[in-house]
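First chain written, first letter: the chains are A, B, C and D, and each begins at residue 1.
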Amino acid sequence: MKSTAILLLHCPDKQGIISEITKFITDNQGNIVYLDQYVDHEDGVFFMRLEWELADFMIPRDKIEDIINTLYRTRYHLEFNIYFSDEKPRMAIFVSKMSHCLYDLLARYKAGEWDVEIPCIISNHETLRYIAEQFDIPYYVWPIEKDHSNKDEVETKEMELLKKEKITFIVLARYMQIISERMIETYPNHIINIHHSFLPAFIGSKPYHQAWERGVKIIGATSHYVTSELDAGPIIEQDVTRISHKDTPHSLIMKGKDLEKIVLSRAVTKHIERKILTYNNKTIIFS
Amino acid sequence: MKSTAILLLHCPDKQGIISEITKFITDNQGNIVYLDQYVDHEDGVFFMRLEWELADFMIPRDKIEDIINTLYRTRYHLEFNIYFSDEKPRMAIFVSKMSHCLYDLLARYKAGEWDVEIPCIISNHETLRYIAEQFDIPYYVWPIEKDHSNKDEVETKEMELLKKEKITFIVLARYMQIISERMIETYPNHIINIHHSFLPAFIGSKPYHQAWERGVKIIGATSHYVTSELDAGPIIEQDVTRISHKDTPHSLIMKGKDLEKIVLSRAVTKHIERKILTYNNKTIIFS
Amino acid sequence: MKSTAILLLHCPDKQGIISEITKFITDNQGNIVYLDQYVDHEDGVFFMRLEWELADFMIPRDKIEDIINTLYRTRYHLEFNIYFSDEKPRMAIFVSKMSHCLYDLLARYKAGEWDVEIPCIISNHETLRYIAEQFDIPYYVWPIEKDHSNKDEVETKEMELLKKEKITFIVLARYMQIISERMIETYPNHIINIHHSFLPAFIGSKPYHQAWERGVKIIGATSHYVTSELDAGPIIEQDVTRISHKDTPHSLIMKGKDLEKIVLSRAVTKHIERKILTYNNKTIIFS
Amino acid sequence: MKSTAILLLHCPDKQGIISEITKFITDNQGNIVYLDQYVDHEDGVFFMRLEWELADFMIPRDKIEDIINTLYRTRYHLEFNIYFSDEKPRMAIFVSKMSHCLYDLLARYKAGEWDVEIPCIISNHETLRYIAEQFDIPYYVWPIEKDHSNKDEVETKEMELLKKEKITFIVLARYMQIISERMIETYPNHIINIHHSFLPAFIGSKPYHQAWERGVKIIGATSHYVTSELDAGPIIEQDVTRISHKDTPHSLIMKGKDLEKIVLSRAVTKHIERKILTYNNKTIIFS
């Protein structure tokens, strides 16, 4: 695998932008290996993901951002991020007591499915330490008092750890605590949560019980970026499974676990591949 | 097809009820062709659908209800309904301006998929009269004033028609008016609506626009019995389809149409087959 | 809706082709309203769909093909087709005895869902004439002898009709006859069939019986372009539905009908929108 | 959880059998907690799953089989099996080199999702020993020569181990070897395989490559009991996922992994719960 640069951008839609930017890459000997774009005609916004090989690219990697800035930001009102395929994202996992999502994430990591580092697992409970030990990953526990009196203090420690470990994004693998504004602002659209319902149905706690009470015929799971409004951030992925009147709250929980882990891992995959753009509290997912 | 009797019942769960009732049918020379039962262990309720041939059954059909009443109602606190396969349900369709569900219902009717009569189509608009004419079904239009000042009067006429035509159940095929308490009480759990969202998400009007605003990755449709609370009656059937950031409100409407007609027709099928029991604002759907 | 030109092309992948072609359109005052492209890195092939408004485009519409030919065909080894949004495709429907797909197609047509003309319905049976009459569309019947002795003669008449009616593509809506080489060659990748199985499982006749015999837990339907090999042409769309051991061949047929009509209509939609490219017996479907 | 007896039976359909058997259980003070039955009207076969509490049941557990034999086998031509909920099934896992199914099985086992024992993992490669060690489960490796010259000998050792460990059923978690007749006959309908296609499409090796070659729009996975004919045993569970022309053989493999592990684990769940009956190379799956 050759090293590549990945450019994710959006800007007001304007004729000629694709041809200009692709020409810029090509003229500088960048071999484009991926281009996908999308125009939101309702809002008049242009989105693009461009990936090119760095090998013969004439602009040094530490100058690329600066040059794109200079050439295009003002002219096109461009918002963009540059990533390099050989700089692995660093992922922290937050868990509470349920193991299914954590196992699924770590099994993929161990099998080499993802180009990612996982330097730490953080929890408010000791419960899942044995899994971290199975996979030889440091496990940090800071219990949170029932009255949340120490929550601020705990979060300060967590953020020190995240900083020290150069964490680039966070995965909440059925972590049962509200994330504070402070952490959300430090990782905007970089904290992925899995909610165990088909959002926006059944926001909040015990969604499977809510679903059973309502008598729905299909249940779902939703992965989304965390924002300050509960369960209301940009949706990355959803999936559903059929149920019947024979299901109980318990059987919904069991069926839901399979949904949760698959839906969460699909979101993590897309994030690691830098294929997600967020805009207006929605996601553009490149394929 | 031999004529059959269909018994739909529920009662508090009690040992021996299946064996007693099946024995009663068998002892009276009824050939059982269908038996399905379900126990809700949370609430301790027993549900059963039993169907047997009338040919050699020793109890005359007009005495069956009375005898089951006498023998079992008090003893088992039984709630039940008896239907006969050779007495076709009579279905009224209510429509407004959209044709896709109406066409789907009538195409099935005309192709003989359903053992049902459709004596009338009722609307508040002239728009779809041409379809009724294509299928030679009487089409009645009573416009409703914007201020709803004549709604009570219109509904009185509608209910006279329903009575005259001996309508046994009503299908709202994208009918854009609220049904009154009076009509709901006359047809309890016998008015089927199609809502164009995955309930309980996006209750009320313009659900596809709501879905697009929220940025969901899957949309759905829900058929349910109408109760006095909006979009909150017992759910009969739901289905979903995957969408992406490329979809617009318009494309959601187009994709949703296919969901709506399939989901509505599945519910109508189950109702016509007398395979739905309602309990606690939920449905038990026998297969 | 402003008139647009639609360019569907593929060629060996080569740096700079997107920027060159989009620049060509833009330089000639064509306002690009749609661009989607895809690179098959396995085979090194580039595919693109480009749509631009004709209003201010400086090249007259009858010269566009010629100019693209001259400028790019040789240089890029381009294969391409040009369509104009205001020139509606003309669709012929072939049917035998089953009505569900025909009703679904005509209901969409009548409701104005599709930008298409349907000048004729062709059959080997009188069975569905009443539907054609319901929708006021000419219905032509040429019975085919059981020994197929007159098949060649019938097809000659059919092809005369197709020519006379300027038919651009054909939809086989559960048409139970093999299409000859001659007709396939006249309409290459322009005859859409619906096969009532999840291809390549259950090729040939009675696929629902085959599925029931095999005891599958999911059934499907497949729409594809017709090629000379039976049920082996490029797949356009597939969908599935869950079944159980309780299903019979008859109930599979009933459930399958809903799949067939939806899957066929989705394929027809994509074809009418000129969003399908075929290559190597596969389809590229733009969204 | 109280201990229960589980009776799985089938026999020619005959009036009165449900009432007679449920009466027998009830008369002997067995509290029935589960009853589900199904009649295959095509073949005239009756299937039932009955579960009752052993606490007050007047017949000792070691006499139950004998008594049912005496009372009903001849009279009803009954085929049946008796299981006890407190006698856990013992499961052996066979693997080769891919880890995703193994991790998924062991994560569920460790989380206590299943009432099962897993005394051993058997492989023809050392590759996955680290996972067995992570979960503290004995891992046995017997390499198989490329010419299969030692296959018989290896299988003898494997069967000795299975016998010693009192294995009741086997799960092939992407085990890439053909199972011999001898082992199949020892575990008839008790060896569960996961095949990475939507059977009967793409039997044999490299199904994702076959699927990619054919250009399907949906891929699937199938869990089934192993019989002597390759990939042709009774299907337990299937599921599918949508793909597009953008997928490569590699991305199909990645997407397929999620299907495989979910579909395999659903089958294992049903098997452990003793909810599967096999008949005529099909499964009846109780819910």
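Quick note on the criterion: contacts are C-beta pairs under 8 Å (C-beta built on N, C-alpha and C of every residue); 3 or more make two chains touch, one makes a residue touch a chain.
Remember, it's a predicted structure, so these values are computed and weren't measured experimentally.
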Most remote chain w.r.t. Chain D, using mean C-alpha positions, is C
Comparing which residue numbers chain C and chain D contribute to their contact, where sharing over half means same and under half means different, the two sides are same
Dist(centroid_CA(chain A), centroid_CA(chain C)) in Å evaluates to 38
Chain centres from averaged Cα atoms put chain C and chain D apart, in whole Å, by 42
Chain C residues touching 2+ other chains are 41, 244, 246
Note: in the complex, chain A contacts chain D through residues 99-100, 103-104, 107-108, 110-111, 113, 134-135, 244, 246, 254, 258, 262, 265-266, 287
Per the touch rule, the chain D residues reaching chain C in their complex are 38, 40-42, 198-202, 214-218, 220, 234-240, 244-246, 248, 280-285
Per the touch rule above, chain B residues touching chain D in the complex are 15-16, 18-20, 22-23, 26, 31-35, 37, 39, 41, 242
